Structure formats: structure tokens, C-alpha cells
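Next come two complexes built around chain A: one with chain B, the other with chain C.
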Partner chain A sequence: MLRIALNRAMSALVLVVIASVFSFILVAAFPGNVAALIAELRGGFVSQAVVDKVAEEYRLRDPLLYRYGYWVADVVHGDFGKSLRTGEEVSTAIEKRLEPTLVMIAGGGIVMLVVGLVLSFCGALWPGGLVDRFIRALAVVNISVPKFFLAAMLIYAFGVIMNLLPTFGFRGPTSWILPSIAIGLVPGALLSRVARVSLEEAMSRPFVITAMSKGFGRRRILLRDALPNIVPVVLTAFGMNLAFMIQSAIVIEPIFAWQGIGAYFVDAARFRDLPVLQSCLLLFSVLFIIVNLVVDLLVIVVDPLQRRAMRG
Partner chain B sequence: MKAIKDLYKAVGLPICFLIGFFIFIAVFGKYVSPYDPNAQNLLKASQTFSAEHWFGTDNLGRDTLSRLVAGARTTLFGVTLVLLMAGSVGMVIGTISGYFGGWLDEILMRIIDFGLSVPSLVVALAIVGVFGPDFWNMILALAIAWVPIYARLARGVVAAAVNQPYIESLRVLGASRTRIIVKHLTPAALGSVLIYASADAGVLALNIANLSFLGLGVQPPQAEWGQMLVAALPYLEEAPRLVILPGLSLTIMVIGFNLLGEAIALAKNPRPMSKRRLFQRRREFLKEIAA
Partner chain C sequence: MNISRRTVLFGATALSGLLAMDLGGSPASAADDPKTLRLPLARPAGNLDPQRYVGIFAIQDMIFDPLVQYTRGGKIEPALAESWTISEDHKVYTFKLRPDVVFTDGEPWNAEAMKWNLERWMPKADYNWLQVSTNLDKIEVIDPMTVAIHFKQVTPTALIEFSYVRPVRFLSPKAVEADGSYKSPIGTGAWKVDSDTPEGTDLVPNEKYWGVKPTLDKVSLVVIPDARSRMSALLAGDIDAAGGAFIAAISPQDATTLKSGGINIVTDTGTDTMILGFNPRRELFKDIRVREAFNLLIDREAICAALMKGYATPTMNLYPDVIAYSGKRFDIPKRDVERAKKLLDEAGWVGEGTRSKDGKPLNVELVISEDAVANSRALGEVLQAEFSEAGIGLTLRNVDHAARHGDIPQFKYDISLFITNGAPYDPYNTIGLMILSSIEPGTDGKLWEDPGVDPLIVKALSASEAERAEAFQAVSTWLHDNWAMAPLYHAQRVWAHGDRIKAFVVPATEYEMPIKGISL
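Let's look at the complex of A and B:
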């Protein structure tokens, strides 16, 4: 089991290295004169002397491999460079903006879990019933709805028509509700489908028939016998969707005017803020890889069948 | 011809009609739409539904219906371009990787692994950020972000085909490497790439809209649904239709593409028959034997 875990961790590490190379190359391959761009962004008169000074400062004239080395060393020490636009340290900016993003993803995770489990459980409790058909009908629709459209409709329904919830800014728990729903609803519907299918599969196993013959009710069997069986599957789907929420946050944060890392990334892309762009790409890639790794490892820990298979 | 007929049979009329409708308005929309999508008329700004402007006008007095039609054109044009670029480049990389194998394959596939392990929108966003927000840069960025999927797909097909007896015999017969790759391996990969592309179009349309929504793709005044939606957001209270209509158009188009993808996937490897269907089939079969 440890060997498998180490194996997964190693391949994740390789991915992180490739992510760093990609983040570096992306900016190193920037078309045009980076030094001139930076000098221009700083404002004022751009002379050759200024450009030279900038190039010297950012070590732009060194060989690529050296520059990659410098950059990695800086990043490992927590120095992501300075924003070209604001001059702020990227690491402090990210630290400041981490909270809204984490709140959104945590809230989305809760919404996803509640929606997914409640829907799938109701579907399994009354197979072929209204909820069951609803889950199936929703299967194609929910992956087709654009995230920003869903968010806009939520704002319209709860913010404009009913005037119930704040729709703007990151200000206290009530303002967390709508973004969490916006980010967690679609993954929740996806999760419900996965959970429903595996519940159905679990309900066709012999132990369920045994439990039925003992006279237990359907609800009790679902909760006590079938539910533990779907934990690994649900956990995997949950983790994958959670990882994809990092991507959704990029689109959802600007709508609700949250100053999270997603919005930071978008701003950097808008203004060609190269150090920020580089750091954000690296950060998102590494976050994504880590979440996937953690999920993989958790599934090994949680699923006795996999554990036994590995030991055997 | 037969392939098209089979496809039609698998997909069914409603989906064909839905997608055909969007393709039709994308191609001929210019001639059908009642107004120039970019023509402003401030005297008739922010009108609701009327006989003159079926879906009303936006805050600059532009006809919403015409802009929706133009948006279909932008989106489908973008999707087609990205699929063509990513599909062809991915196929070249995948074929090379699958045919030659060895260390080249190893290196290429590690890079592809990274591309697959990080969400495409993140990669596309970073690339757009480096090159600057613009329609063509968005297309390029999405194409780069989508290459890994097709490269992996093509590599799988080619690597499986390379050791097949028919390729072996071609080699024995003296067919050149180029001939084997171009005439025998590429067509094999092309099939699965095309099938995947048709299922992928919906995701791409969503991402084009995502990037345009963030102001990083299609720039105003060119009409695009995501960009129309973001431009209308400040007027959500007064004119919700300006937000709802583009969002709904995009949703319906993506539903169409996703249904198409699902139908094709089902036709390729049919779902195992459910128990009930199986019993029914067995009963029919027994009846036939008895008769």
C-alpha cells in the first residue's frame, strides 16, 4: 500500500515539475521585448538605458536554463516576484486573496455533497419516482448550462426578484450562500448521478436480499448496508469535482465581485501581468495536482477492497 | 455516404434538427437577420419585445435577435477552428508518438499528461494572458489547451494499430514509413478523433463563452453570447431578457452538442442491456423457437 502511495506521489511530483517548466516557458516565450514592456508598464519615458536596467533586474539576458533555475529557487523560497502592474509582492497578494477562494470552494463542496447525496438517496428510495426521473433528465442539461449564466440567474432570482441575499462582494456568511450554490450545484447534480448508479448497483447485491429477507425496510437497508458501499466511488467523484471547482472559481469570482485568486488570475491575463500570470498558472496547476493526489490516496485508505487487493 | 446515414440513424431527427438549426443560422444568419447586429440606434435603446424588434434592443439600441444570430456564427466559427487546429496538431503528435515509441513517446506523453491533468481553461487563460486578449489569441490558446486530448486519443489508436498484422505485412511488402503513417495509421486515428470532436464541441463552446465572458476572448462590438451576457449584467434588474436570451441560446446549443456526443458514444459502444430487456428478449426468442 505504501509503495502504491509513493508511486502516485512520484508521478504527481513529475507533473508538478512539468507544470513549473510550462509556467516558466510560457512567460519566457513571451512575444516581443519583455524588458520594454515592463519599462512601459512602469510608466515614464522608455529609453534604451531603462530597458537595459529592467533586463538586468529581471535577469532577462541570462541563458534560459539559468533563468529557470533562478525562478524555481525563488519560488521554493516563497518569492513569486512582483506584480508588474501594482508593484505588489505576488506572494502577499495571493495570501490575501486565498480566503475568498477557499470559502467558495468549501461552500461549493458542501452544496455539492448535500445536493448529490440527498438527490441520489431520494432517487434510490423511490426508484423510478419523480426525483429519480429528475436526476436522469438533468444529466445532460446540467453539464450544458454555462456557469456564469447559472450564477446570473441565481443573482436575478435571489438578489433582484426576492431581494433575499447579497449578490455583491465578500462580506460575511450571507454573501457566501449564492456563490457556493452557483459553484456547487452542477457538480452536485453530477455527483447525484454517480451516487445513484452505484447505489443501484449496491442494492442488487446479495447482502441486500439477505437484509430484505430479514424484514428490514428499504430506508434502513439503504442507509446501513448500501451507503457504506458507495463511499469510495462518491469520494472519487467528489474529489474530482472539487478539483474542477478551482477552475470554476475563475469564472464565478468576478461575477460576485469576490477578490479571490481566480479574479486575480483573470486580472493578470487582462493586463498581461507576467509574474502574476506565471505564479497563478503554477498555483492552479499544483493545487489541481495535489487535490487529485489526495483523493487518490484517500480512496486507497477508505476502500478496504482496494487495500486488500494491494496487499494480496 | 453510408457513414453519414449510420450517423443519422444513431443520432436521430430531433438532435439533427437542433444542431442543423444552429448551423443554419450561423451560415445564413447574415441574410436572415432583420438588422445589422452592430448597428446602434440610440433612439430605440432598451426596448422590450415588439413586432419591430422581436427580442427587443439592448442599451445601445442594437437589435437583440440579430446579435443572437451573429453570436451563433461567432461561437460555431470558433469551435470549428479550434477543433480543426487542435485535432490536426494532436493527431500529428499522437501519430508520431505512437508510431516511433521509445523515449520520444515517453517525453511527449509526460507533457500530454500535464496538459490532461490541469483544467484546460486554466491553461487557455494563461496563454491568452501572455498573448493579450483578442479573438484569434483565444482560438490559439484554446487550440493549444485542447491538443493534449487529441494527441492522447490518436496515440492510443496508433500504438494499438502499429503491431497489428496488417501493418506488419505492409512493412514486409516494402511500404515506406511515410506511406504507412499517412495512408494507414492516420485514417485509423482520424475516426476516433472526429467522433471525440463532435462530443467535445459543447465543452469548447462553453469555454469560448467563458473566456469572452471574462473579457479575454471575443471583443466588443463583435457579438458573442458570453460577451453579450456580461455586457448586459449591469442592466439585470431593468432588462433581464438581455441576460437570459444569450445564456439560454448557449445552453440550448451546448445541450444539442452534448446529446449528439452521447448518441454517438452510445452507438459506438452500446450500453449493456438491462435485465428487464434481456428477459423480454429471451421470452421473444423462446416464443419464436416454439412457433
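Let's look at the complex of A and C:
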């Protein structure tokens, strides 16, 4: 078990290194004159001489490989640099903004799980029935609706028309509801499809027929016998979607005016705030890799088949 | 295995819990704080250092006072300077400072504080886009409440420049670190910062303020980056107003939507001009006939009606008439495709389809940037259609803020959209920085360059008050007669507010919050 965990962790580490290369190169290769932007923010009329001075100071004209080197050297020492725009330490800024993002992902995770499991179970309980068909249609509609549109509609319906919930802001549990739904509903619909199909497959297994012949009801069989069989699949799908939520946060946070990492990233992208962009991208990749690693390990824990195969 | 059942149960409990909370809570209601004004910001307030260009102008304006105040139409009124005299040769400005003014940290406002502030920027080359900085000779403290500023040459823009927000406002000499770098936003203004986070900035009245004290208890500025979310918040009553080009801009389309949703729309004449600028260094545009043809192909009335939903006035002038010395209004030419075609023929651009000259097709690139110039994509598409009728191939290149900042000053475009500086900077800044060819192009680029207009601009910038109107008229007549650019419209300044606000006054410039004259 430990050996497997170590193995997975090693490959995760390799992924982090690859992610760091991409985080740096992609951002550094953006078009646009970063030096001019920095110079402008410092104040005064920006002449070419000022721009050159700034470029020199920030080593913006050194070869890309060197710049990657400087950056990695700083990052491994825990120094993510300073925002070019505000002069704030990137690590402090990220720390301040971590809470809204984590709340959003946690809320989204709950919504996803509830939606996914409730829908798939209702579907499996009455297969082919009105509920099942409705759920399938709902899932398709949900998957096709862009998240920003869903968010805007939720705000309009619950915030403006019904005036039940705040339209924006990160101010206590009531303000968490709409963003959690906005970010969790689509993955929830996806999860419900995965779970529904796996349940169907589990329900056609011989042990189900045995259970039926013993006279157990459909609900009991679903919960007692079929459910444990789909846990690894659902867990994997859940983990994947949870990791993807980190990216959805980039879209959802600004809509709800949450000042999380996603909003920070968007703001930085507009101003070519390289240290911020690079740190955020690296953080996204690391979170993604960690979530996947944890899910992989959990699957090994809950799935006797996998454990046996490994021991084998 | 019971985990899954537990998960289901847990999920169901969590959901019902959330739903229960949902019914209990309601958005932060306005009734809790009847004298708090809630306004949105499109981005966080940022570093409010009055000598840096990072923070939001309008917040700096609330905290830091100017020496003199710019009011509607360009009139200058006393602020931290109670009165002033100008020497006969217009080179020495002597300011008598307002007595009994203190910074919010208790530091007194006096000649020393003024000199300390001015020395932070006036002698530095970085600030020489301001005449008062370029021309500075010395700052002389005459007595504790009197300061004379000596200039090397006539500086007619001095008073107006001293009304700007940055870098000219006054910071408490104690609000800096040991090395002199900015520490905290301490000014003499009507407001002081109560809290400042990435979510927003709260300001409360400065109880020691020297002027008319605010009637509000608090101004709560909340960061809502998404324009649509701001509209929802306004419709739901979670914020009181929105607007201002650099605060939380409202597009003409949004204004129309909000109006139909029962929100009050207040407008005021804009102080800037949207201009289609020709790259002065392209051979193509050195031909006046080409410039005239481009001008004649634009249907300014239709653009104002359809794109701007009537929230703009068509123009052929560089400045709207609310700007001092903006001069006489020029007639707006009717769109005339036939005359434009004839002009292009005469200029040697001929042929069916896309015209060409010496085998080179008449393809022109329009650089647009939604970040820098809102609405520029839609405008670009209209121009594309209008130009194509006369055989001009127009391609749009959409760039972001950073790319525009690189390309425009380096003349990497054929045509682009520009906005003049507006109040309080004009009439001086736009002609001085964006047309006068002896000044290197800044990040806003150049509207036009021509040795013919340079002496006229120099004359206007240094003219005495008696000659000023005529000197500025000469510049604008030259630009107009030479078809130097294609002015399009003066956009109105749009603010939207809900019913909680009883009286609303649009501020004099885009650099102020709508607080004066407001009542809840």
C-alpha cells in the first residue's frame, strides 16, 4: 500500500515539474508589452527610455530559459515574487484569497454529490419512468448550458426576481448558495449520468438476480448490493470534476464578485501580471494533481478488487 | 458497506440545511444602514498613493484634496489654497494656504507640508507630462501659510494642473515609511478609509474636514468585476448606483436594459471625444484626399443612434463644447459614398472590389481593444461595413490592454480608435501629448502629427488668457480643414441609480464619485 502511494506521489511530482514549465512558458510567451504597462502604473508619462529601464529591471529581455531558472529558484524557496501591478507579495495575496475559492469548491462538491446521487438513484429506482427520462433530459440540458449563463440566470431568478439571496459578495452562508449551485450543478449532472449507467450495469449482475430471488426489494438491492459496486467509479468521476471546478472558479468568481484565486487570476491576466499568473497557474496545476492523487489513493482503499490486484 | 448510505444521508442533510438557511437570510438590506451609500467598483481600489497611478482616481479624490478645485466647465475654485496671485510675467504663482486644516492623522496642513508633497514629484523627470513639472524653477516658502512656485517659463496650465487627482494631491508627511515611500492613505479630504480589502473599500466622513461635511455616514464601495452582475445587483437593490468610466462603467446597451427594469438613468454631456485616428506615419494617410474620403464614409448619426442608443452626440470637433476653448462647432458631413469614391480615384486608388494602387490593395487594419476603448468591436464592425462600400478592405485586429499599450505608441496599426483625455485635462493634454510631434508618443499614442500644426499648438499652450480662445481655435480649425482625424462622437456620461437615492448629481469629471449633492 505504502509502496503504491509512494509511486503515485512520485509521478505526481513529475507532473508538477512539467506543469511548472508550462505555467511559466505559456504566460511569458503572451504578446503585449509588459514593461510599458508596469511603467505606466508607476506614474508619469511613459517614454521608450522608461520602458527600456523597466524591462531591464525586471529582466524581461533575458532568454526565456534563464527567466524560468530565476523563477524556479525563487519558487522553491517559497518566494512567488511580487505583483507587478500592486507590488503586493503574491504568496500573501494568494493566502488572503484562498478562502472564497475553497468555500466555492467545497460548496460545489456538495451540490455535485447531492445532485449526482439523488438523480441517479431516482433514475435507477424507477428505470425508464417519467423521473428517469426527466433526469436524462435535465442532465443533457445542464451539460450544454455554459456556466456563466447559468450563474447569471441564477442571480436573476433568486437575486433579482425573488429577492431571496444576495446577488453578489462573499458574506456568509446565504451568499454561498448561488455560487455553489452555479459551479456544482453541471458536474452534478455529469456525475448523475456516470452513476446511473454504473448502477444499471451493476443491477444486471448475477448477484442482483440472486438477491431478487431471495425476495429483497429493489430499493434495498440498490442501496445494499449495487451501491458499493459503483463507489470507485463515482469517486473517480467526483474527483475529476472537483479538480475541474478549480478552473470553473475562474469564470464563476468574478460573476459573483468573490475575490478568490480565480478572480485574482482573471485580473492579473488583463494586466499581464506575470508573477501572479504564473503562481496561480502553478497552484491550479498542483491542486489538480493533489486532488487526483487523493482520489486515486481513496479508490485503492475502498475498492477490494484493486487492492487484490495490487497484492496479486 | 455503509459509507455510501451515509454519504447520501449527509448530502441530503447538508442540502436541507442550506435550503433552511436560504429562507432565513436575506441580502444585506439597506434598512440596516439608512445613511450608507453603496456603489460598485469594477476593480479593487488598489494602491491609493497619490503619486502613483495604480489606485482608482475617484477614491483618491475622496481622500486627498487639491490645491484648487476644478468645477464644471473648467472654472477653478479655492480648495487647500484659499487664494492665489499670479505675477505679471505669469511665471510666479503665490498660494495663500487655507488655515486650520489638518490631515486625518493630526498633522497640520501648512507650507512645509505642501513643499514636502510637491518635492515628491515636481522635480522628477517622470512627471514631465505636466507643464508645472517641466517648467518648475523652485518652490519657495514665504511664510508658514504662503508658498510661491516659480516657473522657468510662462505656465498657463498651472492652476488646472494643480486640480488634477494624481500626482498632485496632498498626502500627510507622516504617512510614509522611513525611506519616504508611501505607507497609508492619509489626506485632508472629506473622507477617510475605514477598511480596504480586495472585496471592497469602506470610507467614513473625516470629522476634521475643513469644507462642507458629508451628510452620509458611510460610502461602501464593493468590487463587482462583471458588468452583468452589477446590473443584477442594482436591479435587486443590493447597490444604489453604478456608472462612471473609471468606476463601474455602464454601456448604452446596459443603460437601455436598466431603464426598462425601472432603474433611473441620469446622463450628462461627456467631456471626451471618440476619434478614429489615422496612423500619421503611414504613406496612405499622408494624402489628404484619402483622409477626407475616410471621413465621408462614416455615418456618425447612425452610429450614435444604433450603437450608442442615443447616448452620444455626433461630432467633427476635437473637443465637446463643455471643454474650455473648444471653439466653434463644425458641421457634420452627410455620409457621401460617391464623393469618397471620387476622392479615392483621384488619389490613385482605383479598381473594382477592393481598390488598389500600383498593384497594392487598399487593405487597412483597424486595431481595436475592448479593454482600452469600450464598445470598440461593435464600432469597428460598423466601420468595416461602411468602408467596404467604397472598396476599402478593413480588417479588425482585436487586442487586449497590454498589446494595445505596445502597438499604439510604436505605430503598429493603420487606423485605431482613440478617446481624448477629457475634463479636467483638456483642452491642454490631448493636443499637447497626442498631437504635438516634438513630444514622444506615450501609451495613448498619437492622434496625428504634422509640422504644420506644431507651432499652432505651442502657441495655444503658452497663450495668455486674452489670446487663448483664438489660439485654440486656430489649432482646431487646422485639424478640421486638414481632415487630420475622424472625430466620431461625444459619448454621454451615464449613471444609473435605484429609488433609494432621492437626488443624484453627475460629478463634474470622470475622476470623482457622485457624492456631492446626493441624498438618500
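Operating definition for what follows: the second predicted complex is superposed on the first by the 260 of 312 C-alpha atoms of A that agree within 3 Å, B and C clash if a C-alpha of one lies under 4 Å from a C-alpha of the other, contacts with A are read in each partner's own complex, and residues count from 1 in each chain.
Methods note: a contact is a pair of C-beta atoms (placed from the backbone, for glycine too) under 8 Å apart; a residue touches a chain by one contact, two chains touch by 3 or more.
Computed from a predicted structure; not experimentally measured.
Contacts of A:T210 after superposition: neither chain B nor chain C is touched.
By the touch criterion defined above, A:N7 lies against neither chain B nor chain C after alignment on the C-alpha atoms of chain A.
When the two structures are aligned on the shared chain, A:P254 is found in touch with chain B and with chain C.
In the superposition on chain A, contact is made by A:I177 with chain C only, not with chain B. In the superposition on chain A, contact is made by A:V266 with both chain B and chain C.
With both structures placed on the common chain, the touch criterion links A:T92 to neither chain B nor chain C.
In the overlay built on the shared chain, the residue A:Y156 is in contact with chain B and with chain C.
Of the two partner chains, chain B is the only one that A:L281 touches; chain C does not reach it.
Looking at the superposition, the partner that touches the larger set of chain A residues, chain B or chain C, turns out to be C. Overlap of the chain B and chain C interfaces on chain A comprises residues 30-31, 152, 155-156, 160, 254-255, 266, 270, 272. Across the complex, chain B meets chain A through its residues 110-111, 113-114, 117-119, 121-123, 125-133, 202, 206, 209-210, 213-216, 226, 229-230, 233, 236-237, 240, 243-244, 247-248, 250-251, 254-255, 257-259, 262.
Chain contact summary for the complex, chain A toward chain B: residues 14-15, 18-19, 22-23, 26-27, 29-31, 140-141, 143-149, 152-153, 155-156, 160, 243-244, 246-247, 250-251, 254-255, 265-266, 268-270, 272-274, 277, 280-281, 284-285, 288-289, 292. Across the interface of their complex, chain C is touched by residues 30-34, 36-37, 40-48, 50, 85-87, 93, 96-97, 110, 113-114, 117-118, 121, 152, 155-156, 159-160, 163-174, 177, 180, 223, 227-228, 231, 254-257, 259, 263-264, 266-267, 270-272, 302 of chain A. Residues of chain C touching chain A in their complex: 1, 3-5, 7-8, 11-12, 14-15, 18, 21-28, 43-44, 46-47, 51-54, 121, 124-129, 166-167, 197-199, 222-226, 228-229, 232-233, 235-238, 371, 399-403, 405-406, 409, 433, 440, 442-443.
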